[in-house]
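By written order: A, B, C, D and E. Residues from 1 in each chain.
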Amino acid sequence: MANFLAQFQTIKNTSDRLVISVEDVSDVWPTVKPAFEARLPFKRATLNNKTRNPVLVEALPAEFILTTDARLRSRFPHEQFLFWFREPYATIVLVTCEDLDEFKTILKPRLKLIVQNDEREWFVVFVSKAHPANDQASKMAKKVYAKLEVEFNTKKRERCCKYDMHFPEANFWEDLESKVMECIRNTLDRRVQFYEDEIRKLSEQRLMPVWNFCNFFILKESLAFMFEMAHLHEDALREYDELELCYLETVNVTGKQRDFGGADHGDDQAALVNPGNKALTQIVQEDSFREFEFRQYLFACQSKLLFKLNRPIEAASRGYSFIISFSKSLALHERILPFCMREVWVTTACLALIEATTSNYKDGLVAPDMEKEFFRLLGDLYSLARVKFMRLAYLIGYGADIERSPVNSASLSLLPWPKPAVWPTVPADASTEVLEKEKLILQTTSRTKSFGIQRKPLPLEPTVLLREANRRRASLSAGNMSEMFDSRQGPMEGSGFDTPTRMSPPPKALASSSISRTNSSPGNFEGSIDRPMRLAEIFIAAEHALKKTISNPELWKSLSSSEEFEQKYLDLTRGAADNYHRSWWKRHGVVLDGEIAAVDFKHGHFDQAAKSYEKVCALYAGEGWQDLLAEVLPNLAECQKILNDQAGYLLSCVRLLSLDEGLFLTKERQAFQSEVVRLAHSEMKDPVPLDVSSLITFSGNPGPPLALCDKDPGILSVTVWSGFPDDITLDSISLTLNATYNTDEGVKALKSSTAIVLHPGRNTITLDLPPQKPGSYVLGVLTGQIGQLRFRSHSFSKVGPADSDDFMSYEKPAKPILKVFKPRALVDLDAAVSSALLINEDQWVGILVRPVNYSLKAAVLHIDTGPGLEIKESHVIEMESSAGVSENDGDQVQNDGAEIRTLNSDKNFERLILRDGKIEFPNWASDIPSILWVLVHAISDTLSRGSSSATTRRESIVDGMRTIALKLEFGAFHNQIFERTLAVHFTYPFYVRTRVTDKCNDGTLLLQVILHSEVKATLTIYDAWLDLQDGFVHTGQTEGRPNSSFFPLIISPSSKAGILFSICLDKANVEETREKPESILNIKYGISGERTIGAHPPVMNRSTGVDGARQELIFRSAITLQRPVLDPCLAVGFLPLPSDCLRVGQLIKMQWRVERLKDLDEAGVSKQNDEVLYEVKANSGNWMIAGRKRGYASLSPQQGARIIISVLCMPLVAGYVRPPLLGLPDVDEANISCKPAGPHLVCVLPPPLSSSFCIPVNP
Amino acid sequence: MVREVSESCVDSLLTEMVACYCNRFYANKPELAARRIEAIGYQVGHQLSERYTMERPRFTDHLEAIKFICKDFWSELFKKQIDNLKTNHRGTFVLQDNKFRWLARMSVDPSIDNASSVEDNSAPTPENKAAQAMSMHLYFPCGIIRGALSNLGIPCAVSADISNLPACSFVVRIKA
Amino acid sequence: MAAIYSLYIINKSGGLIYYKDYGSAGRMDTNDSLRVASLWHSMHAISQQLSPVSGCLGIELLQADTFDLHCFQSLTGTKFFVVCEPGAQHMENLLKFVYELYTDYVLKNPFYEMEMPIRCELFDINLTQAVQKDRVAFLGR
Amino acid sequence: MIVCVAVVGHQNNPLYIQSFTEADDALKLHHIVHCSLDVVDERVNNPKKSGPMLNETFLGLLYPIENYKVYGYLTNTKVKFILVTTDLDVKDADVRNFFRRFHAAYVDAVSNPFHVPGKKITSRTFAERVSTIVKSFGFSSAG
Amino acid sequence: MARVAPRTGDAIFANVERVNAELFTLTYGAVVRQLLTDLEEVEEVNKQLDQMGYNIGIRLIDEFLAKSNVSRCNDFRETTDVIAKVGFKMFLGVTASVTNWDADGTCCSIVLEDNPLVDFVELPDNCQGLYYCNILSGVIRGALDMVSMKTEVTWLRDVLRGDDVFELQVKLLKHVPEEYPYKDDE
């Protein structure tokens, strides 16, 4: 049946649409034809697909052909069924008729005759010529049509329709089309049915020897074709798929060796998208379908349908896998195919498929992820084509032009080498070319990487080819059978992976192509098989062989010269990259960009190259693929170098340096460093900032952080790791400290002015640290300068070298490196004396200096005495360690006091000199408490006053108080200052009170003098005498001394003693004015005290040493004696106050009663003596006098007369205060007796609490 | 055959570990101690999750992962499952174990109320001192859960609540 | 029938770290219990010395006419002893069991400090269960 | 024959990559593994592709390239195992089995308290175990 | 009263509550790692581990005695034997052997082929000098302390350092006699 093939194909090619035959009974076709054909193609048709389901077909093409047409006549019945798809699918019977008789007699029988043949699907179209104006005619037409219907319509099917030539009814065309469709549908169904039956029959007997694929094919394809004509592409496609399946199953299993095909000229160009490439007759020979052509043919048909279904994506994916599988079978038959047929075919196939799919692809008509899928496929196709193309180029010696990148080596080395039956040999006349090549090879030195980086050659070095080619020739010549059939052993054999393993080469051979060139001797090269070919020869031979293989001119063109090759190579790579970029496969895209960059680089388009390289580097770096990064980064660096992008270049160098050590030789890494240094010191216009975080890392030293005190400078030492291979000199370095807690505290930068040399690995650098605010600090950023280069590093030594701790520490807080303590007392100065010192005497005042966990090394103490106190410059200052003192301090000092006592059991003692108010501390005193004894002298020119019963003592601390201002400078840089003013209390040894104890009737008064000792020392009184004021005289002859049996009188600390003097009033001169208003008490005394306790013998004779030697001091105190009231004539009494009502701020009436005790004797009484002048004296601080302070009150001269003087006062302060006193200025005090006699106090309550009324209350 | 050790090994180790960090290293800084203990738990959880998710399909959503923790993970550790799982469907899950094994042997002084939760390291006033001591022992399981989840790609914060002993509920807040 | 009066635990240095009174006869206040504890501690120790046989581990049973005192001393020196009515059975098993409870609920309670008085509710709970008579009997077999 | 196995972290960073060819072509294997991540991403992120085996750890064949096959495996913790082999007729069962054992080895490796997650796996034990697994690849469907 | 016969390690191990060794192993590993991170000094870590072990030991001994009602051992020899045969089994589920006795029976080695503590563990180079299992020595020391045996426990061999087994040397320093609550002079 194969002989039908030719016919079959021609038929197939001629007929491309459904045929509708027209039986023109009454020659109206010409007239109606235009109207009818205007309906074509049919807008919408509903047909049944193979599974009898209605399918809507848009625009079904069809053709009206008169039955009388030649094309429909003269068919041999036997070929009928075979080519049935071309037979008419419907028959339209065109009739017209004006009168019934004619219809009955002529037309009807004729029609009956026509339609009797049931093979055909037919229906009648009645054309009415009647003009509507002529209703006679039209009536007739109706009648006839009615008849017609009666005749031919059956109840189950309408076979008639009426066409009005002049005014076609509105629904006529629908009617017509529906009828046509009905016919077509039925026909189609029937024919499908028929084909299926036939096919089934065949496939049942498939396993019989007689079975012939050809018949099956024809049937199958006819069916498919019919579907295609009917625009049922789905079904058509399915048929083809089944066909292919069947083919692969049957054809390839059957043992007998078939002709594979692909031997013809032009077969190298893939025809997988044009079915018409070859006539079927060429494909099929004596019933055997050539695999090569036929499979392409099938795929072509499939792809055609896929495009019609506009599913280019599916076409692409099917195509890709088709190419893969097909190239496998090409590999199987490689030995009978032309040299490198496989590579060429795949290349062309990919390109063709790309071309076809893209041209059929419209953007955005599918879901985005589908789209991505599509672009991925295109990318794959491109890269496949690219690889094969590279292999071809490589064979003919463009190897040097191919970038030796991981990508290429991966793809190339994974490809099997071509395995021709016979490796092409050099044509006889090619000697010149060979020489050319030789030269070329010698010239082309493969580009050396920058920084003199040595890379082991990736496995696409020429040596491999050399070896491969010669190996094959040798093995074939040796008639190695396994080699003969090794093409059966599966494609992987000989692929890049086992190539090295199989022929474990001596390293020398692998070293580089140059070696293999040198050891290849030029000269006689008649393709004598035993002599291995030289590289050039291989190239030339391959070139010639390829020329034979490649039929496609422009593919050949792109292999003709290395420039052309490069162009093509670039196109393919771009194509792949761009498509990958639009797909999910970003990495593929980026990596290919790198390849493009390589070419750009070669052509000096450095900025494009740099851009692409940056992308690649970013990809690798971002995901940490250092090995790959190490491949690309140097190239990037070189671009930047050439582009003079210093910042970028430096950064790249740094990144190169911070890659894993193992990735580069030390030599190379040194090169990187030297580049950095060179640039840093070269003339850069503007300093370049550079981040070296990955290279220079730093951290605090292990162990506790450096502890400093507020305002203390210190020295901070930091560990710095350098990733540089050699020592590197940093001109300056600065390190910031961040306060951890108080963020308001900004960052502090520590600078090291001097240059620092970092050795590779761990370094410890020290920075001096200016005083910091209290808080704890962590390291911040390390910045520094190398020449013009400003670098900074943020990183702590997480990524530091192996010796640094690299444990898994989730949120490990940055270790504080510096702690600055809150300002605290570092030293304490205090007065060492426990009680008051003697005034007007030389006294030792002790200053207790107590360091608090802080050294007072070389401290300087400024001493400045306040008014009324002077330092005896003449005397040295004594300093002694005071272990004892520290007992009574806080435990803190306690325990270090303790340790002091242990460490210096012998108390240090030293004499120092005060120089213009400054004292230098000795070293031994730097850590232990010590006392500084300073000799001072408090001067007070006022006499101390005693008090009598009348006047109470005026306490005033201040007049005994003296101050010493101290200023201690200490700390490493005397930066710490401690100032304190010590108050030292000075006092008189005694406080004296007097009272008249007794009045004897002889007028002698016994005056009692009470001495209060004011000091914590024992006082010894040796003598005491009284210089009396006027109005008093001593009685007896004791010269105003008590009898001496008193003395010496010892007064123990803070106790009293009394002395009696007997005196009497001096009657003689009462009246005369007094020039001695007060009497002076003189006391000669000694003191025995210890200087730590307080008042103590003055130093001068302490220096002479012996305290036994009694030394006498004089104490003088003024006392006023009051004449006792001898003859009272007025009595003043203070009337008691209502107990409760004395409150601050409340008016109170104070009352005094004045009574005349007796008449004044006439002597010395003025006339207006019935009036008394009174005056109220009050401490204005305590009282406000509301009434009149001073005035006259009338008091009758008779004895016993009495008046009440009352004054309104308001207490201003709470507490016990002395009430106002009423005085009578006119009257001699001697004549007034007061009640109560002594001064007394009243109690004032604080004011009732109220916010409105506040008065400062001082305690 | 899965290898086993006596439970008291783990118990004593945990007890001592907590004691070591709370009483010796960071006696006065409970929050630092807590950080360390939690970190230890985190590592364990991280590794265990790697181990126990072998042989099982990947989780499609958070809930699946949490369920895994409740069922298989928990039973591997405690031979029992979480008794009750609640969620607000907005990233917060509450896993309650009605008889949490690691608390089974602890009895806090009855005198002290033990309403507490791991989060509050407020100043250790005497009354919540014991509660805090208790919660110190809970940082470890919290760390385990956090480690496991974050290894499954679910960053989260985990806290424990022991307001009704011996039940203990772990609150997982997934970081959006 | 076997009534337990009271249970004591003494640490190795003789301090009473646990005391439980089960009502019944001879109720004592805390001081008494302390006294008993220290008394027993020293007695026990002395007994070891006085014992004619070498390697004696001290008194295990003290029988008075109103009560029996069973004592068990762990090798670590902790003493558990129970005062019960004369002739009560299975006391050593009870003590043994108390010892186990002690290891489980006292020593494993992280909040318990060694040698210190025992304040663990879990221990109390389990103990009370154990002390119930039937429990004791059960321990017997 | 297995040419290369690799462990890739959840940030697509290489944790362990070992080639088993005498040739010093490790670099290209790095490249292959790295690129195969594209496919893994696609499988995982693109719902359509990963249909039923949506969340199975075994990702199956990633690359149907002519002369070698790349298989992938994605653990629950987003760690990827990549296997490159040159045998063109590999039984899925074998590969699955391989990955199962490999995974076990991996888990033990990261259970080392001193291993830092996300850092390269330096364990010698792991390397040894891997090489034995690789050697036994294909022979023992049972193990 | 009739003492109950001591039980074998396996018998006890079969009865005690058990948990996954993995949990134990990993936890211990994490602890060691954290200690290294915090203390930074390997020596310090060794000390801490030993300390922790000691604290565990002094509590664990009681459980051991209670569960494995062993009676008082007559001598050190017997004691170590019990530790190796019963103690290790009961807690770690592995048995150890006792060897290398010295003449006067106060010093021997406990040899441990299998040790759950070190599953998965590989020492990084920067932790040489770390006694990873130091906690064990601490435990033994603590436990023996409680039964009034002052001992010194040191590692002789360590698998993590390339040896074939773990070997712990236990040296009995002095056998503290029972101290009595009263002084003789009272």
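Just so we're on the same page, a residue touches a chain if its C-beta (ideal position, glycine included) is under 8 Å from a C-beta of that chain, and two chains touch if they have at least 3 such contacts.
These figures come from a predicted structure and were not determined experimentally.
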Minimum number of chain-to-chain touching steps separating chain B from chain E: 1
Chain with minimal offset from the mean of all protein Cα atoms: A
Of B-C and C-E, whichever chain pair has more C-beta contact pairs: C-E
Geometric centre distance via CA averages, chain B-chain A, whole Å: 29
Distance from chain D to chain B - Cα centre to Cα centre, in angstrom: 34
Inter-centroid spacing, chain C versus chain A (mean Cα positions, whole Å): 63
Two or more partner chains touched - positions in chain B: 8, 12, 15, 19, 39, 43, 47, 51
Contacts with 2+ other chains: residues of chain A: 806-809
Residues within chain C bordering two or more other chains: 104, 108
Chain E-facing residues of chain C, complex: 13-14, 38, 41-42, 45-46, 48-49, 55, 57, 60-61, 74-78, 92, 96, 99-100, 102-104, 107-108, 114
In the complex, chain A residues that touch chain D: 321, 324, 327-328, 369-370, 372, 376, 406-407, 409-410, 413-416, 456, 458-459, 490-492, 495-501, 504, 584-588, 591, 620, 623-625, 627-628, 631, 806-808
Chain E residues within the chain C interface of the complex: 1, 4, 58-59, 61-63, 65-67, 69, 72, 146-148, 178, 180-182
Complex contacts: residues of chain E adjacent to chain D: 22, 25-26, 28-30, 32-33, 119-124, 127
Residues of chain D that touch chain E when the two form their complex: 108-109, 111-114, 123-125
